[in-house]
Amino acid sequence: MPMETVFSVKPFLAVLVSLIAIPCIISSRSQNIRESWTFAAAFIKFALVLSMLPLVLNGGVVEYTVCQIFPNLGIAFRVDAFGMLFALVASSLWIITSIYSIGYMRHLDEHSQTRYFCFFAVALSATIGVAFSANLLTMYLFYEMLSLATYPLVTHHQDKEARSSGRKYLLYILGGSIGFALPAMLITYHFTGTLDFTGHGVMAGHVTSGTALVLTLMFLFGFAKVGIMPMHSWLPAAMVAPTPVSALLHAVAVVKVGAFSVVRVFTGIVGIDLLAEFNIGTVVCVIASFTIIVASLIAMSQDGLKRRLAFSTIAQLSYIILGVGLVTASGMTGGMLHIAMHAFGKITLFFCAGAIFCATGIKNISQMKGIGKRMPITMTAFFIGSLSVIGLPPCGGFISKWYLVLGTLEAGSIPLLVVLLTSSFLNAVYFLPIVYNAFFCSAEDSLFEPERKEPPLYCVVPLVITSICSVILFFFPQPFLNLAKMAATTFLGG
Amino acid sequence: MKILGKLTILLCGVLLLVFTMEFPDWGDPDSPASTHLSPYFIQHTMEDTAVPNIVTSVLADYRGYDTLFETTVILTAGLACFLLLRIERKKVHHRYYRHEPTGVTLRMEGDKFPRNSAVFQRMDANWVPYDFVISRTCRLIIPFIQIFALYVVAHGHHSPGGGFQGGVLMGASVILFAISHSLRAAIKSFSEKTAALLSVTGVFIYAGTGALCLIFGEVFLNYSALAPLFGSDRVMARSHGILMVEIGVAVAVTAVMIWIYYNLSSAGKQDEGL
Amino acid sequence: MTRHLPALIIVIPLLAALFTAGSGWINSKAPFRIAVAALFFSFVCAVLMLIQVVTTGIAMEYRMAGWAGPMGIVYVIDHLSAIVLVVITAVSTLNLVAQKKNIDAEFNDKEGAFNALYVLFTAGLIGMTATGDAFNLYVLLEIVSLSGYALIGLGSRRAPLATLNYLFLGTIGATFYLLGVGYLYIATGTLNMAELATIIPQNMESGVILFAFIICLTGLFVKMAMFPVHGWLPEAYSQATSVSTGLIAPLTTKVTVYIMIRICMTVFTPEYTFGHLDISGFIVLLAIVTIVFGSLSALAQTNVKRMLSYIIIAEVGYMVGGFFLGNRLGISGAILHIINDAAMTLALFLAAGIFIWKTGGESRSDLKGLFAKMPFTMAGFVLAGLSVVGVPPTCGFFSKWYLISGGIQAGNTLFVAALIFSSLVNAVLFFRLFEIAYFEPFADADSHGSNHGSHTHGGALAIKEAPLDMLIPFLIASITLIVLGLYSGTIVTNIIQFAIPTGVI
Amino acid sequence: MRDSDMESIFALVLAKANYVVYIILMMVGLYAMIVKNNLIKKIVGMSIFQTAIILFYVSIGCKRGATIPILVHHASPEAAAHGAEKIAAHAMEAVDVAHYINPLPHVLMLTAIVVGVATLGVALALAIKVYNTYGTVEEDEINQQLRSG
C-alpha cells in the first residue's frame, strides 16, 4: 500500500484538546459541570484519534510540525501504526477511567478533586503527545511533562507516606530521564545529526558497536517508567495514589509510555538491524527476562493487592521489551500487541481492587476470603482480568502471548521460551489463589455482614466494560492486531 | 585565610614584575602609545576645536561621551551616599547652650528656644570650642578660593584646569566654611536641597548640550551643530560647546562634593557635622 | 530617526534619571512614573534596533561627538549586543513594574534617589553592552557597580557589611580590567575595540597582550563571581531588598559574561583566544568547579535567596564553560544561556519577592502550604524552577541542550557530567521547595488548627493570591520562559548565528 | 662579569622604574585590602590600589624632553584680536609632536581619579553604616557579633 503522508493538524489538536479543557474544568462551578467538561474532552480526543484510524490502517501517516528549534529537529508529530495503537488504547481507556474516578472520588469524598481532574487531563495530553511524537525531542518533552503531571496525582493524599513515595517516584523517573536519557539523546544527536523516528533507525553506520550498546542501555534505564529491574521500585511506591490513578496511569498510561518510548527508541533510533548485528537484542532480552522472573516471584510474596498488581505490571512490561528484543516479526507484533491486551486486562484488575476498597475498605489479599459471595460481579470481572493477564484463551492476553511464544521460536532461543512459560505459570500462581479464596472459601470471621454490598454503580460499570472488552479482544483483535503487524513490518525494514 | 591572601599578592606581584620586561622604556618617544593615536590629537586639536589645551579638547570633545558618564559617576556617588545614609530628622526637643561669661553649658528642653545672643551661644553635642582666629581667617580666604575656582573653570581652554578641578575647589570652599564654622551654618547658607538639585542640573547641562546637538540634527555631543546657536563658525562652536560642558561639570562636581560631605560628616542626620 | 537610536537608548534613561532625582525632592509620585516611562522607551528602542540589525544584517555604528574610529568613541550595535540590550531593558522594566509595592514599603521618603539609581544602573548596563570603546566600558562598569552598591546597601541589618565586601572585590575586579586595558593601550596605542582587533592578530607573540588578556579575564571573573572569587555574591544578594535583587541578580553577572564574550571574540579575535592561547582548557576546568561548587552549596542553604544566589554562581559556570569550549555549539549555547538565565533568574527573584511580601520570612520553611494559598504564583515558580532544572519546553532545557552538545563535540566529558550533575542537584533543590509548599499546611495564625495532612477536607484555606500588580508581571516573566524555549530555534538561527565570527568551527 | 650583570639589571630597572613603582604601590594596596581587618584601613588600601593604576597610566604617556600637552602659541597681543582666521592661519605651522607628551592617558586618568573619589565616598558611607549598626569597624569583632547572633 502506498505510504502517502497527510499533513493535518489533527495530532496536535488531539494533544491539545485536554489542555484546552483545563481552564473550563477549573472555572466550572459545580462538580457535574466539571465532570461534563472532562467527558467532553475525553470523547473529542477519542473521536480525533479514531478519525485518523482508517488512514493509518491502510498505510498512511499523518504529520504536523509545530516549530523548528534545532537544525532539522523540532517539535513535530507523526502518527504511524505503532503510535496509533498506543493512542487508541490510552484515549479509549481515559473515557472509562473518567467514569470510574467520578464514582471513586465522590464515594470516598476525596479533597481537591478539581486539581485531580486537571492534572489527569494534563497527563493524558502528555501520553497522546508521546504516542504521536515524530522525533526523540518531542517525545522527551512530553515524557517529562507526563512525569511532572503525575507527581501531584501520585501524592494526592498529601500525607507523610505520599510524600516519601512521591520523592522516590521523582528520584527514579526524573533522575533517570535527566541522568541517562538526556545525555544519550544528545550523544545520538551528535553522532547521527538527526533524531527522527525513521522506519529502520538512524544509528546505522554512524556508531561503533560499543557506543550503540551503551546508548541503548542508557535509553533503557533512562526511560525509568518502563520499570526495568534496577529502576523499578518507584512503581510499588506509587501505589499510595488513589486507585483510578493507579488504574489508568500505572496500568496503562505512565508505564506504557515508558515501554512505548523504549520500543520507539529501539526501532526508530537504534534500528532493528543494529540490534541484531551487535546482538544488543539478546542483552536486552536477558535484562527483560531477569525482570520478568524476579518481579513475578516478588509479586507472589506481596500481601497488598495493589502492590501485587504493581509487581505483576513490572513483569508484564518486560514482556513488551522482550518482544522487541527478540528482533523477529511475530516477536515484535506480540510485544506491541501486549501493550493493548495487558492494558485492558490490568485496568480491570485495578478497577476491581479500587471497587473492593470502595465497598469494604480492604486492601490486603489475606482479608479477602469469601468476598466473592458479597461482590460477585466485581470478582468475576477480576477473574476475567486475571485470565487475560495470565494469557489464557478466552481473553485477549492469550493472543499477544501466543505471538510472543512464536517470536521466541522464530528467534530459536529456547531459554526465552522457558522464561515465557514459567512466568505465565507464575502469573497464574499469584492470581488464581485470590479468585479461589474469593469464591470458594467461606468468610469464617463474621465481621462481614452477609448481605450483598456491591460498590457504587459508577465503579462497577467500568470494570464490567473493560472485562468484556478483554474478552472481545480475544475474538476480534483486528484493529490492534493489524496495527501491530503493520508496525512490525515497517520496523523490520519491510 | 590570611596566608593565602599574602601568597596570592606575592605571586601576583612577581608575575607583574616579570612581564614588565617587555614594556617600552619609560618615556621613550616611539613607544606604540606615543606613536599611534596621540600624534593625531596633538596635530589636529587646534584646527578641530580651536582649544590649545589638548587634554581639555580630548576630554570634552573627542571623548566627551566618556566625561558625560564620568560626571554621572559623580552624581551616582552623591545619590548613593544620600540613599545609604540620609535618615529623616526626627523632631529634636532639646538644644545645648553655652553661657559665654561663666562657661556653664545648659540643656534646654521644650519647643521654644532663645535666639542666639552674645551671652548665650548655641553649640553641638560634642562641642568644638569656637575659635575666633580660624573662623575669621577662613571667612577671609573663602571668597578668594571661590574666585580662583571660577578662574580654573574658565581657563580650562588655555591652562591646566577645567570643570572637575574648578568644581572641587568650589566645593572645598563651602566645606571649609562648614568645618570652620558649623555644619548648621553651612547648611543654612547652602542647603542640602540646593546641593541635590544643583548636582542634577550640572549633569543636565552636560547631557542637555549633547541632546541639543541631537535636536540640531547632528550626532549626539557634536558641538559644531550648535554653530547657529552661538553665531560662530563650526570650529569655534566646538570651543564654546566645550566651555558649556565644563561649566556643567563644575556645577555638578561642586554640588556633589558638598552633598557627600553633608551626609558623611553627619552620618545622614544633617545636624552636627565634624 | 532610527539613525540616532543607539544614542537615544542611553541618553533618554540618563535624562530621565536626572528628572527622577530632581523630582524626588518635589513630589513623591513622579519619580516612579518617569522611571517606568524611560525604561519602557529604551525597551522599545532596543527592540527597534534588534529588528533593524536582523533585517539589514549589518551592525549599526554610531560615532559619538562625530569623531570616527579610534579618535572618538564609537557605539556598535551588532546581533549580539542588540539581543542583550533587549534582555536588559525588558528585565529592568518588568522588575520595576512588578516591585511597586516593595518600593513604596522600603524607600518611602527617598523614592526619588532610589528610582534615579535604578535607571542609572540600567543605563550603565545599556552603555556597557553597546560601547565599542574599551575605556568607556570601564566607566560604565563603574556606574553599574556604584549604583549596585547603593541598591544592595540598603537591605537588612547585615547589608552594609556585605555590600562593603562586595565593593572591595568589585573595585579589585574593575581595576584589574582597567589595568588590562592599560596593558592593551601600551601594546597597541589605541582603545577602540575594532582597531584593537586589527592590531592584536599582528603581534600575537608579545607577552604584553597575553598578560593583558589574563588580567582582563581575572578582573571579569571577579565581577561575575567565578569560583575562587565568588564570596561576595551570596552575601550581597541575600541581604539586599527584593527590588534590588530582582534587578541586580538577573543582569550583572550575565552582562559581565557578555563582556567577556565581547572581549574574547571581538577584541582578542577567536584565533587568538582559542587558537594561539591554550588557556581554554584550564578555564573550562575552573567553570566545572564553579558549577559543582555552586550546586552543592545551594543544597546546604535554608534561606531561599541564598540558595538562588548559589544557583546563579553555578549558571555563571555554565556560560563561561560553554563559551571556552571553543566550538560554535558551545558559544551559541553560552549566548542563549545569557538570555534564558536572565529570564529565569528574574522569574525566580520576583517569586521570592512575592513570597517575602506575603509570608514575611525568607527561609525555606516559610513556603508552607503556598500551593493551596497562592496557586498561580506557585505555578509560575514551578515553571521557573523547571526551567532551571532544564525540563522542556522551558528555555533552560534548550540552552542546556546546546551546552551539552557543545561539550560532547569538544570531547569534554567532564563538562557534560558537571552539567548533568548540576541539573540533578537543581531538581533536588526545587522539588524540596515544592514538597514543602505542597505537603505542609499553611502555618498561618488564623487557619483553624494545624490540619496536618491526611484528608484536609475541602479547600478550607481560602486562596489569598499575591496582589495583582505583583502577580501579572511575574506571570508574564514565567510565560516568557516557555515562549523563549519554543523560539530558541529562531533566536539561534537568525541572531546568535551571526554573532559568532565565521572563524569558529 | 658580576658587576656588568649588576649594571645591566640596574640599567634595566632604571629604564622601567615607573612600572616597578606602580607594581609595588599596587601590591601595598592589595595587601591592605585583603589582609588588614580594620575596615577603614581596607578603604585606604583600596585608594592606594587605585592610585597605583593612575600612576601607571600617566607614566605611559610621558616622552623624554616633551612638555605638558598645551599648545604653546606665541599669541602676540594684536593676533588675539583677529579671532577665527588667526586661529586657522596659526594651525598651518606644523606642530612638532615630539614637543608634547601624549594627552590621552591624562584624560583617562581624570576619569579614573573621579571614579576613585566616588568609590571612596560610597565606601565611607557604608563604613559609617556598619559602625552605626555594630559599634566597631574591626572585622573580626563584627564577625564575632554575627556568630553570637
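Things to note:
For reference, chains read A, B, C and D in written order, and residue numbers begin at 1 within each chain.
Keep this in mind: a residue touches a chain if its C-beta (ideal position, glycine included) is under 8 Å from a C-beta of that chain, and two chains touch if they have at least 3 such contacts.
What you see is a predicted model, and the numbers here were worked out from it, not measured in a lab.
Among the chains, the centre nearest to the mean of all shown protein C-alpha atoms is found for C. The interface with the greater count of contacting C-beta pairs, when C-D is set against B-D, is B-D.
Each chain gets a centre from the mean of its Cα atoms; the one farthest from the centre of chain D is A.
Between the CA-based centres of chain A and chain B the separation comes to 75 Å, rounded to the whole angstrom. With centres set at the average Cα position, the gap from chain B to chain C is 33 Å. For the pair chain B and chain D, the distance between C-alpha centroids works out to 18 Å. Residue positions of chain B touching 2 or more other chains: 21, 23, 31, 33-34, 37-38, 41, 63, 66, 70, 73, 76-77, 80, 84. The residues of chain C that reach two or more other chains are 135, 139, 142, 146, 149-150, 153, 160, 185-186, 191, listed in rising order. Chain pairs that touch one another are A-C, B-C, B-D, C-D. Residue ranges of chain A in contact with chain C, taken from their complex: 66-70, 74-75, 109-112, 137, 140-141, 144-145, 148, 152, 155, 157-160, 162-163, 166-167, 170, 174-175, 178-179, 182-183, 186-187, 189-190. Put simply, chain D touches chain B in their complex at residues 12, 15-20, 23-24, 26-27, 30-31, 34-35, 59-66, 68-71, 73, 84, 87-88, 90-91, 94-95, 97-98, 100-107, 110-111, 113-115, 117-119, 121-122, 124-126, 128-129, 132.
Every residue of chain C that touches chain A in the complex is listed here, in rising order: 386, 389-393, 398, 401, 404-405, 408-409, 416, 420, 423-424, 427, 431, 435, 438-439, 453-459, 486-489.
In the complex of the two chains, the chain D residues touching chain C come out as 30, 33, 39, 42, 46, 49-50, 53, 56-57, 60, 104-105, 108, 111-112, 115, 118-119, 122-123, 125-127, 129-130, 133-134, 142, 146. Looking at the complex, you find that chain B touches chain D at residues 2, 5-6, 8-10, 12-13, 16-17, 20-21, 23, 25-29, 31, 33-34, 37-39, 41-43, 45-47, 50, 52-55, 58-59, 63, 66-67, 70, 73-74, 76-78, 80-81, 84-85, 158-160, 164, 232-233, 235-236, 260, 263-264, 267-268.
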